[in-house]
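Each in structure tokens, the structures are laid out below.
In the two complexes below, chain A is the common chain; its partner is chain B in one and chain C in the other.
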Partner chain A sequence: MQRIVRGVATKAQQQRQLSAAANAPKKVEVFIDGKKILVDPGMTILQACALVGVDIPRFCYHDRLSIAGNCRMCLVEVEKSVKPVASCAMPVMNGMKVKTNSDFVRKAREGVMEFMLNNHPLDCPICDQGGECDLQDQAVAFGSDRGRLQSRLDGKRAVEDKDIGPLVKTVMTRCIQCTRCVRFANEVAAFPDFGTTGRGQDLQIGTYVEKFFASEMSGNIIDICPVGALTSKQYAFVARPWETRKTESVDVLDATGSNIVLTHRTGELLRVIPKINDDINEEWIGDQSRFAVDGLKVQRLLTPMIRGADGQLKPASWEEALFTVAAKLRETSAEQKAAVVGGLNDVESLVALKDLFNRFNSENVMTEEEFPETSGGSDIRANYIFNDGIANVENADAILLVGTNPRFEAPTLNARIRKSFLYSDVQIGVIGSESELNYDYDYLGASAKAIDDVLSGKGEFAKTFANAKQPLIIVGAQALKGEAGAAILGKLQQLADKLSAGKNVQVLNVLQRWAGQTGALDVGYKAGTAALRKTPVKFLYLLGADEGKVNKSNLDPQAFIVYQGHHGDAGAQIADVIFPGAAYTEKDGTYVNTEGRSQRGYPAVSPPGEARVDWKIIRAVSEVAGKSLPYNDLKEIRQRLNEIAPHLARYRDIEPSPFIKQALQLAQTSGSIDVDVSPALRELADYYQTNVISRNSRSMAQAKKAALENKENPYAEAPIHARL
Partner chain B sequence: MNASDVVQRQLKEDWDNREFEQVIADNIKSIANFLSSFELSCRSKLATLGDKINLLERKVEFLEAIAKTTAHAVRTVAPIKSNNSKEARIAVLEAYKEFQRLTPKFWWDFGLHDMPLGVFRAVIKKQFTKNAHLTDVRVVDRLVGETHQHMKSIRYAFYNPDHVRNYLFAENIEPKPKDFLSKFLNGKE
Partner chain C sequence: MSLKAWLGIDKLQKFQQIVKEIGGVRAVLRKRYLMDVTRVGTLVGNDKYGNRYYENNEYFVPRNRWVEFPDKVWLDYDASQVPPEWHSWLHHITDSPPTVQEPLTQKFSLDHKENTSIYADKKYIPYSTTRTKVQAWTPGQKPNFD
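Up next is the complex of A and B:
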């Protein structure tokens, strides 16, 4: 494992600690353009200006990264100072008089801009950043209207492009050396191989030797790059920002429910970028959330299909498919019916499917993802959600990870752990696999038996954990399956109860792997497909269940299988009838993230071909089968959601789950927990293809290949693209 | 009595007369002043009175209007073309007669002989009678205007047979799906 050095706290961090230490920090009086304001000491001039609404132009400064102060664009005039001052790096002092728009400042900015443009290529027409480029905007706003450069006499600098993998395209000649990407790589993504060589105008950004940018967060350097030096390979030469429409939505490729913006044009989805949400994803998203959307154009189910007598699936009309399914649904007895849902579903379709099965006297609706049924199980909500909330991870002073690898299961959540690792002395313990996380941790073993040691205070980590003010247990949903899972959950509940006494924390947090799982359990789905194996069913309805947990051998030999979903994958393969559904970018949907926060996703494009919105398909089946569900439009089904669980309609809010004590009373605290709880995702190559969308994504496949190659031979002799 | 005394007395008389004259002039002036100020105050008072009366009159008018509207509960609007429903009715009948005179040519020119002329006349009549429930003069006027426009378009053959058939018999137009399932199957949901 690489050596990780804890960095010096950033200015903002120091200042936060300062303000936390002294209850009433003495405010400093500053005058900005003649306006007097009182600010905390240690704040920079730029931050103080932001408080009064004065926006200082900047390239290198970024809210969530450390301060570099090397672009000089943020120069301001400070009275009694001979030279202009870089406002992003200069702390405020009492009585400071700052001018942000004087002739002196304007001249300084113009000079900086001239130097910057001196070595910047004039390739805006073919640059992907065009239209959303900080340099373009600020050159217009603050630059000179003419240049003195005579490229005849002294040519522009040119830099060789770096190959950092199949996701990020580099055009290093455009780089203005703000080093935001370097700071991001070192601080957030923990990829220290990314750095600078040379100095002055010869400074170059890169990986020293050609190498894959081996990080699950690599896409974010595209967003933070103020110019077109780092752009998306997937989005290269695709569109200009003024031609596209933007739809703000929610990501479903991991369970954190990151907020995203879907960019689309003429009914075609072009790219995904993060939307700032300080409670969930700050302003980052994982590479899968960003790049896997090209999988939405591949292997889609476009028309209903029925398996013919020859065993082949043949395209059919909606009428045929609906009547076939409705007839089977009616003629099968209640106990021989079952429905299995996958992890990418919106709550609307889950509710419709459950209502449909309930109308036919069946409660046999279950999720593909396992969760203990005994020991309180999913009856108590506190058992399966991330009780303390994602944002609170930063406040923890001791974290125990059980059977999870947050780096690959929830990259944005992991970024918070990394942040608190860098800027506070949080102690982290891991039970599971000794995989490469981007922080130091105490490895407590692969077996869940290690929980017993922590519970009894054996070992060094157990002691720090017991004495922690804000302890936090994050347990992966994968570790909680079957009988052993119930026992592990019971043990962890005991531990959480012991640690939370007298503290304002719930301690026990479950990190789900699927965006639809919390919602499914909230509306009353049974977790896991164990029930299916006990009594063979004759009618199986798969709603986006593609993980291959159910196959023909689990069912009655004459079983009739309906698959509804958006991709032709494991589920569609065994189906007798296929209903083409909509993906998350194509429908209005409610998603509950692992914290229990309900969020609304919006459609950016319409479903392809004959595909329909999922809950409407189920509604149509119900009508053909003679038991119409009582909702016809989105408003009415949302009303139904509100009837079942009002928190589903309270968007953006976390619904806390108070019955954690009762959960402990129900918990099964005996039983063997000597099981291996190593998470399935252990190294970077495992991260890229974890669900049906990313399995069909070309760029994710390339990234996986690059990650595997990188593991074998981290220092490329041939350029990466040559090996792909 | 010597001459100087006479002069003295005459002078004194003259002074007295002058003084008297002055006093009278002053008095006349003060009377004039008083009269003018009196007039002014009278005028202003009359003016305020006039205003008050105006206001009262308006209030009375307003109250009367309210009383009237509550009694009728109908807002009468100035018609644009026909002044009353009788005129509108006459306009409709004129338009109808003109249309029926046009009908044989219409029937022939647009190739509508798959039905007898009598039936076609009934179809045209139905276009009029389907609006029999209308009472608003302006709406009736508008429809009459549109009818004249249709007749013009027919005469000059701006329409073609398909338009006419769609318009009169709603041929080739599928009704919009109304219930959930037909919307779903049509891809409208």
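Up next is the complex of A and C:
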């Protein structure tokens, strides 16, 4: 079954490729080190070399940024050319003969490297980039064994460090002026204040006037910097790359499920860096995903706790806690039990908790995040996932954002919108608030009533949207809450149906805010805690529910609350029994991102103290309560996942969601949609602390403070976004 | 060599005498149990901790002076229970015991204390002063970023 579905997907792709190949212009013949290769015209020599596996040394060239050609490290010899040629900037020509390893090329590289090292400090032993430094590696591979610099006479260049905020540390003397960070800031992060001043020896990178690097993607300049000029403040002087272990995992701090690499040593998590995944995050991650991990080391729940007779929570043993909970679970009747799950949970623990409640004849399991229950609601998967896929955002020629600010809700997805804004004439419309987005958009109003106008073709944007070849609606999950949510969803379904006719797009895409939300809806959780308010419950199980949607006033006064999670926050504060659980860096977990792609996270470190992996805790509760769940290890619970929804075990694939037509038939078409759908995250300061991990992170608190202070900075100005 | 010595009877007589001086077979067995030797000597002095110090120059030098610990410590005796002035006599650092020659004391010198690390309740247990890698939440605590 698995194979068949994959086969279908690749067949569609093949057709696309075939049709693309038919229109492709004639290939160009190039010889690289005597090896003949046919490449597309317009390709650079460096890219052509990469095709035959010849790696050209480079500093300024970066796959995902524009070409600068200023480091000169990629010099190659081209036959009939007197001078060496910068291969990153030179397009291939028919019959070109390139030599990448001749004496001429080696001498040229050696010269470039000598100039580079003339003005680079010899502080590798105290430099954070040491061991993962491009300059270090290439100096060994391509440099000379001696330099001619007479520092006694000439002196070394020194540059004052810049203060660009609490996240990125600068040591500008180490800068080799590759301008990767400048291009990243201008193209991807849309922070045009970052640039160069001066010329030649005096060229400096910086913000002219000292200011905060006001971007939700600022951490990525640490990764793209080929030397140690831009490093992480959090990771400063912490470890060397050869002493650390790396675990490839999935990020849970936003719903895109960015791929990350967790660096850890001696059971301590040290940093997070992105892992390349062209389908999801390319090679970027947001600052929260990168820096909020210091929040995993404070305010942790390390032992089970029980609220004593005096009303105080006191540490207890696992045995006491499990027996207390199991007794309450048994004695409470089925309709008086409920479970509420937060947004950071893995599917394993969600399935175990639902199974546990089902064993006690209760279906009262719900998520904190709301979603319409009427008109198909979460019963039809196409209603709540990002149907077209994140990568397809780039192909869209008109995008309508409803009640979402992707810049702060999903920074890597927003980077794609920004990319297509720069390189295509995509038209973007926004319903919600006029928030800080890093592209120009047509503002259609705060009220969802503007959807009606788009539907009826009223207004400039509605016309371009109706005529678009690949229209895309991105609706924030937050806009779909409450009574009006179902009506808004219904309206958007009508709009999507109208636009998708005869096109190869689904149009309607829901952008979730929580990494665990799609997974929870996939395994059958009810969205929203409205049911709790109707009938007060006596036994409430909170699984990482920390957003304060549930409090004592919603419940029976005698209600018994169990909190399972990793941080002491809103949930733990009201609990009668606390089970210490594991964070996403500490457990094997399956996460379904907003496009419905199931991904596996791996543990980098073990849960601290007496904390345990979440699904195992629930399994233990079930056993003590006398109704053991039928899985004992990870393999068996994954088998159970596979039974419930086979796509959960098909990692990395998107499961296409049919029944869009049926969803439309079920859609609620009546009801007022005249509500304000402004997203909660409107400006940069809102971005940093949105979940329990980042709320406890020191660096995120500092970044938020810096962003707020930046608003007072008289030199900070709103950037003007121009297409390239 | 006398006949007695040749037959080894003098050894038996010596043993009989020692047994007599110690105070009977029962006392000998007790002493062997506590000290692993059956030695007698002249009592040179006592200290305030109840230790008794003996000398018998029939034995060769390091073994001719010894200490007998008070009954209350029983088997929990330890070399550190000997105060420094008697330690120097026992180890032949001085010729005369502190009962004969008053040891030099300074007003700042502290009282002798034995090494208590053999007692489970009194021993020093080292602990780490570095911050733990992960800090626990205590109920009611808010994150502190100052």
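Worth pointing out:
Quick note on the criterion: the second predicted complex is superposed on the first by the 690 of 724 C-alpha atoms of A that agree within 3 Å, B and C clash if a C-alpha of one lies under 4 Å from a C-alpha of the other, contacts with A are read in each partner's own complex, and residues count from 1 in each chain.
Just so we're on the same page, a residue touches a chain if its C-beta (ideal position, glycine included) is under 8 Å from a C-beta of that chain, and two chains touch if they have at least 3 such contacts.
Since the model is a prediction, treat every value here as computed from it, not as a measurement.
Considered on the superposed chain A, chain B and chain C are sterically compatible, since they fit side by side. Counting residues of chain A touched by each partner, chain B versus chain C, the larger count belongs to C. In the superposed pair of complexes, A:P714 makes contact with neither chain B nor chain C.
Applying the stated contact rule after C-alpha superposition, one finds that A:W318 touches chain B and leaves chain C untouched.
Of the two partner chains placed by superposition, only chain B is touched by A:R612; chain C is not.
Once both structures are fitted onto chain A, a short way to say it is that chain B and chain C open up an angle of 60° at chain A, using Cα centres and rounding to the nearest 10. Of the two partner chains placed around the shared chain by superposition, neither chain B nor chain C is touched by A:G308.
Of the two partner chains, chain B is the only one that A:E623 touches; chain C does not reach it. Shared-chain residue A:H567: touches chain C; no touch with chain B. Of the two partner chains placed around the shared chain by superposition, chain C is the only one that A:G267 touches, whereas chain B remains out of contact. By the touch criterion defined above, A:P646 reaches neither chain B nor chain C. Between chain B and chain C, the shortest distance over C-alpha atoms in the superposed arrangement works out to 15 Å.
Comparing which residues of chain A touch chain B with which touch chain C, the overlap is empty. Here chain A touches chain C in the complex through residues 267-268, 295-303, 305, 312-313, 567-568, 572-573, 608-609, 695-696, 698, 701-702, going by the rule given at the top.
Residues 318-319, 610, 612-613, 616-617, 619-620, 623-624, 628, 632 of chain A are the ones touching chain B in the complex.
Chain B contributes residues 180-181, 184-185, 187, 189 to its touches with chain A in the complex. Chain contact summary for the complex, chain C toward chain A: residues 133-141, 143, 145.
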